[in-house]
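We call the chains A, B, C, D, E, F, G and H, going by the order they appear; numbering starts again at 1 in every chain.
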Amino acid sequence: MKKEIIITGYGGQGIMQAGNILIKAAILEDKVTTFFPSYGAEMRGGAANCKVIISDEFIGSPIVYKPDYVLCFSRLAFEKFRKSLKPDGLMFLNSDLVKIENNIDVLVLEANTLSEKFGSKIMANMAMLGLFIARVKLLKQASMEEAIKESFKHKGEKIVNLNIEVFRAGLDCV
Amino acid sequence: MKKVEINREYCKCCGICIEVCPVNVLSVSKEFNTSGVHPVELIGDCIACGKCYLMCPDFAIEVKEND
Amino acid sequence: MKFEMPESLKKTPQHYCPGCGHGIIHRILSEVIDELNIREKIIAVAPVGCAVFGYLYWDFDTCEAPHGRPPSVATAIKRTNPNKVVFTYQGDGDLAAIGGNEMLHTANRGENITIFFVNNVCYGMTGGQMAPTTMPNQVTTTTTQGRTEEDGYPMKVCELLSNIDYVHYLERVAVNSPANTLKAKAAIKKAMENQLNGKGFSLVEILAMCPTAWYQTPVESLQMIEDTISKAFPLGVFKDS
Amino acid sequence: MIKLMKGNNALVEGSISAGLDAYFGYPITPQNEITESMSVRMREEGRVFLQTESELASVNMIYGVAMTGKKALTSSSSPGISLMQETISYMAGCELPTVIVNVQRGGPGLGNISGAQGDYFQAVKGGGHGDYKMIVLTPSNVQEMYEMPKKAFYLAFKYKNPVMILADGVIGQMIEKVDLNELAKYPDEDEVFNASDWALTGCKNRSSRFIRSLIMEEGALTEHNYKLLEKFNKMEVEVDFEEVSTDDADVVLVGYGTSARIIYDAYLNLRDSGFNVGYLRPKTVFPFPSKRIAALADAGKKFMVVEMSSGQMVEDVRLAVLGKSEVQFYGIPGGGVPEVETIISKVKNMM
Amino acid sequence: MIKLMKGNNALVEGSISAGLDAYFGYPITPQNEITESMSVRMREEGRVFLQTESELASVNMIYGVAMTGKKALTSSSSPGISLMQETISYMAGCELPTVIVNVQRGGPGLGNISGAQGDYFQAVKGGGHGDYKMIVLTPSNVQEMYEMPKKAFYLAFKYKNPVMILADGVIGQMIEKVDLNELAKYPDEDEVFNASDWALTGCKNRSSRFIRSLIMEEGALTEHNYKLLEKFNKMEVEVDFEEVSTDDADVVLVGYGTSARIIYDAYLNLRDSGFNVGYLRPKTVFPFPSKRIAALADAGKKFMVVEMSSGQMVEDVRLAVLGKSEVQFYGIPGGGVPEVETIISKVKNMM
Amino acid sequence: MKFEMPESLKKTPQHYCPGCGHGIIHRILSEVIDELNIREKIIAVAPVGCAVFGYLYWDFDTCEAPHGRPPSVATAIKRTNPNKVVFTYQGDGDLAAIGGNEMLHTANRGENITIFFVNNVCYGMTGGQMAPTTMPNQVTTTTTQGRTEEDGYPMKVCELLSNIDYVHYLERVAVNSPANTLKAKAAIKKAMENQLNGKGFSLVEILAMCPTAWYQTPVESLQMIEDTISKAFPLGVFKDS
Amino acid sequence: MKKEIIITGYGGQGIMQAGNILIKAAILEDKVTTFFPSYGAEMRGGAANCKVIISDEFIGSPIVYKPDYVLCFSRLAFEKFRKSLKPDGLMFLNSDLVKIENNIDVLVLEANTLSEKFGSKIMANMAMLGLFIARVKLLKQASMEEAIKESFKHKGEKIVNLNIEVFRAGLDCV
Amino acid sequence: MKKVEINREYCKCCGICIEVCPVNVLSVSKEFNTSGVHPVELIGDCIACGKCYLMCPDFAIEVKEND
């Protein structure tokens, strides 16, 4: 089993954080994993994406050309990655940010709106992770939550719990 | 009469114009623009002082003859 | 006063972070160029730094110099094309760190060029590291506990260059309020006019917001210039002779 | 200790484990994590960290530290490394042990901030002036980013010569598992790291010393060059590479760093489809595994060299093969990454 | 006008005849005559001369002038050229026509001030970062020091690329006869030197322009590199070399610059003694006369490569010959000069 | 007073031209080192310039830095070996031309090292070209009609650095007479003591004769410092805090 | 005919000037000639020499290993070049500066003393050239004098004549 | 008593010591040293003031106890 995931959007949307949580969860399940980020020249607001590979065996190139899954947070990225998706691949879209007409092959979530329900829109990435894991079951909910905890523990228990809640809300959307 | 004109697509919602407007007629809108940003909108009577123009970092504001 | 986009700016969105000072400076600079009617004579030199993409926004001839070298590039352009108007636009890393020697010698030769020095007390482009101008105790990604003596002290470019006899004009301004922005524009205009009048080396240092690397909101950043930065780097004319 | 870590951060931990005395650096993408993490970790360890005003200052600072027999490292990416060439040549001339890390990005010029391998010639042939060589280590995974600094210092001190770790933006930026356990000791490392017979430490209880590369006496610089050349030739024993399934291979895939990871995918895929391909990854590109490649060529094997460049290391492969068998090249310059599928189809064409 | 002149001074006169608009330089032996003579001659001619604060400034000044479509040149010697590597890479990336003169001295490091040929790799393979090439011209007498600047500018503008004149301290310092008559015009030179379609001259009556090497759009830098690569490949037609008596030769002597003068003495001597030797002198080392050398190798001829280095150009000869015949090397690094007698005895051993 | 060769000098003839100022400075520097009894703690950094061979005459540990980079080399040595005494010895080309940025930042960081800056208003080693400190109208091999405005203006290092808050001590001296030489020695001693006392950055600029590039006899050169050079570069303390 | 000459001594002794006069004279006689200087790092007082080749044919390397003739102005140079002289070569020595015991194979001239007779010792090089040409006849006296004139004409007629006189005095010493 | 001691081989005849000697007891000698230089010599009563030592660029002069 080897699955290739691209998380993509603009800087500041928690793209890299989402990728980091995935690899942390993968490690908890003793999988082989790599993470590879790409940025524009700019710090915030510019296009950014990360590539995550989760596998049972040695991973050669950490670069992903034809992803199995794309988690998408911007229109530009949507247009671009829709084409590169594997034939049986899946696209997950934050539909607060990208409105599309024909969405038969796309799983959508109004992730900002969902996140804002919990007090701030910056947890949209957690909601999307929830949606993704619920649909794909690549990693266990428990490992994901452990990984989220690990990632936010320096910000205190409250933040950890809030993020887990949003993640679970995302989970429930499938 | 001159009035502020906002380019919703250029706006990054930095909030500087809102801060400097002497008559508090600028506010964040509800909708997203195509970059996922809530652009600023005019919510009152602009006195065309130009302060928002002077301070907008993103060329998103001009003060023009109302046509 | 006109509050409309100057002709010298291209009509396109920018890549800068929300609240970044570069955009304001781009605009007032372009207004000055329009007002002096010199757009067609400009050869601008962009730095390596967040403003490296200046040419995507400026509607006049522009080149890109290696990091720190704009003063040399500009010197050469001006000496071989004395009828053009040549300026550099440089960050604090570009001008004061790696490019310190080019700055120093260009100033000391009294070259008839203009330098716009955008001091945002950090390296924006590379992710918010310490710059030569970073203030004591300021937190950056390479001074995570705040800048200490071991890291060195803030470099004050206007103060330093003011001791050079052959420098014509030095002023420090800021773009953190409408009033300051108007003063900044006036200084930029004066510096350009100096070149047109063959007066030699002019440098305008512009304190500018970098909300991203300052870990502040754009609005807080305006205040930070007011309260802290312009205390460490006082505004004013340092030389005008 | 097993951890998930960026290549750049692993290099920092590995350098500290290797006993780094001083780090000097100037920010540049895609290696900023090194400078940033060093700023925290070196001071935690009570060692010297300084963010310098430029790469020129950085490289001259490691030059200074090495004069005193201590371990110093600087890191940068392509344009910054170009600025260091004069002093690198000086270090070779003065026989100073230092380590320089290049996390290569797309070029030429300012280029872009993606990973690339366009600086091979500069590192291996000599981007500086005069006849000199550096040992060049090429990490291909995060574990090696952790382990190679120690090796680099060991070799630098053993040969009194600068050593380069030639990484790239992909290896520097990627995260994967790394084992941060203590690094093994070289049997002779205490001896090798002991600089007391040459370093400048103040002339207490001994006559004064000087270290220099200006050698004006007639014929003396030529002699000095011969001595250096002999040393460079001796480095041959340090050649290091990884080789898989070349025995029965018709075509051997050759690549270093990130390219090696990519050809490994191609290798697996081709073997799965029943093609007899092998894999050879230089872990040192100077010295280059020329002898091994020549032997494989003698045995009739063809070569497919893959690089993230317009073709640089391939020259060293050709110089090893010397026409004895076919050498093909596939590369993507400017921060692009070679595609596994293209490699596969090109190799199939060679069969 | 026939005159006795130093190589360095002839280069100044040749540059002025070629229409040089601006010279920038920083003193370094053995090329000081260039900077000194330029300080007088350029101002006599009403053109721009500036002694800069450093080689970094110099090279960035020629970069600036080239942006405006004018002809600028800088000169230095080995350590100073190393400092220029970043900007040379930028020039290639920005496609700027400039000329850089390296009057090579002994290295590595500060080395000495004798003539040497230790910077071949730097010039030919790329001392800067990223995939790029320069056309490299190698004068071997004072006449060529006079003539090559014009050729260099012609090629620089034709390909919009930096061109290096790779001289050495012997050619720079020696005096011999030179014919200073006006340089021939290239048929298409007016066209070639016309930069009006790309240079920065102020955006009067046209849309604004920019010139840069930062190319961040996805895939664009790779495309840019392919475009450059195509250009570098096209330069092949500019290959230039001088060849004597290779037809019936068993061994062909190969050398450039000062080494070419030395092998010529050996060639004459060996022919006098009845040995069938030939002489081949590359006048461009990028592009390198690989095809011609390969053809000679196909014809069974052996090669003796002579350099004032530990062996650099010999790699290009080996890459051309690819094992088809014997390639021997004799070189003296560090500012020493190969001896005619040693060449003779080594060639005899090959017979 | 003792008038005998200091222990810190090797007993060997020098390569300098007749009347060259470097020899005098070597000697007084060595005397100071003897007097402070720090010979065994010294790590000196020689420049590229006529004094590149300093280590042939100095009997203490010395290294050679690339042209212009001694301040960086010294900074690194001192930071990793805080108990050693580290100084650089640099010419005006080395320090003020190519090495201007390393000088500036080392000063601005207030590094606890000492710089001896030998200003002979020319490039001696390479054959008498213009230096940044060359005086207006001075004839050199690159200003054969005398230095003009086009060539730039003399750079005044002490004046320039005196505006940096973090510089501890700056003095300009000369070695053109017995009295001045004694003052020069006192300044050198003070600068070394500053380092021993952890006071930070000290620089002593020493006006020195270069009869060869000045086209003067050695005795005329003494007078030229008195009459001309020390007018353009006034002697004295520029900072002591 | 190809003759190789080394002129050697310290900087400031007119070594390069002497070499320059030789090649100028050679050109006047339509010969092929090269001149190649070597310096130490220092400007004055350091070892310096120049190599002059005068030939009827193309000259390859301008470097001279085994000179036909050496004009020597210092002890160090004397020791060094005595060994490298061709078997039938000749050494010309300024014996004011180098005192030697066994001088059977060496032509000596107290060139400083001779020069000083004309008012200054800096013309010792001219005296040595005179001695050399008188003995070797490689170039005509007239071409030499023309070359001297050419070399000093920017200093005025008096200096030209003085140098020619010293040259002639050297000529007369054989 | 202290007196000036001259190292003939180190002396380059720059003349600086002659210039600074307050009692004019230094002078250029007739002979050459091995570098072809006429070194300075003492031609009168030295008062051991040390000025020549202070100003000699070539370590050619010391003022020492006469032994």
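Criterion: a residue touches a chain if its C-beta (ideal position, glycine included) is under 8 Å from a C-beta of that chain, and two chains touch if they have at least 3 such contacts.
Keep in mind it's a predicted model, so treat the numbers as computed, not measured.
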Set of chains adjacent to chain C and to chain F: D, E
Chain pair with more C-beta contacts, F-H versus C-D: F-H
Inter-chain centre distance, chain A versus chain C - centres from mean C-alpha coordinates, in Å: 39
Separation of mean Cα positions, chain F and chain E [Å, integer]: 38
Interchain centroid distance [CA atoms averaged], chain B/chain C, Å: 26
Touching two or more other chains - residue numbers and ranges from chain G: 40-41, 45
Chain E: positions in contact with at least two other chains: 29, 50, 53-54, 79, 86, 90, 94, 110, 113-114, 212-214, 216
Residue list for chain B, restricted to those that touch at least two other chains: 12
Chain F-facing residues of chain C, complex: 97-101, 104-105, 108-110, 132, 149, 152-153, 155-156, 159-160, 162-166
Complex interface listing, chain F residues touching chain D: 39-43, 45-46, 48, 52-53, 55, 58-66, 69, 72-77, 79-81, 84, 101-102, 104-105
Interfacial residue positions of chain H with respect to chain F in the complex: 2, 9-10, 12-16, 19-20, 48, 50-51, 53-59, 61-64
For the chain B and chain A complex, residues of the former touching the latter: 12, 32, 34-36
In the complex with chain D, residue positions of chain E that touch it: 78-83, 85-86, 89-94, 104, 106-114, 116, 118-119, 121-122, 125-132, 212-216, 219, 221-226, 228-229, 309-312, 315, 318-319, 322-324, 332-336
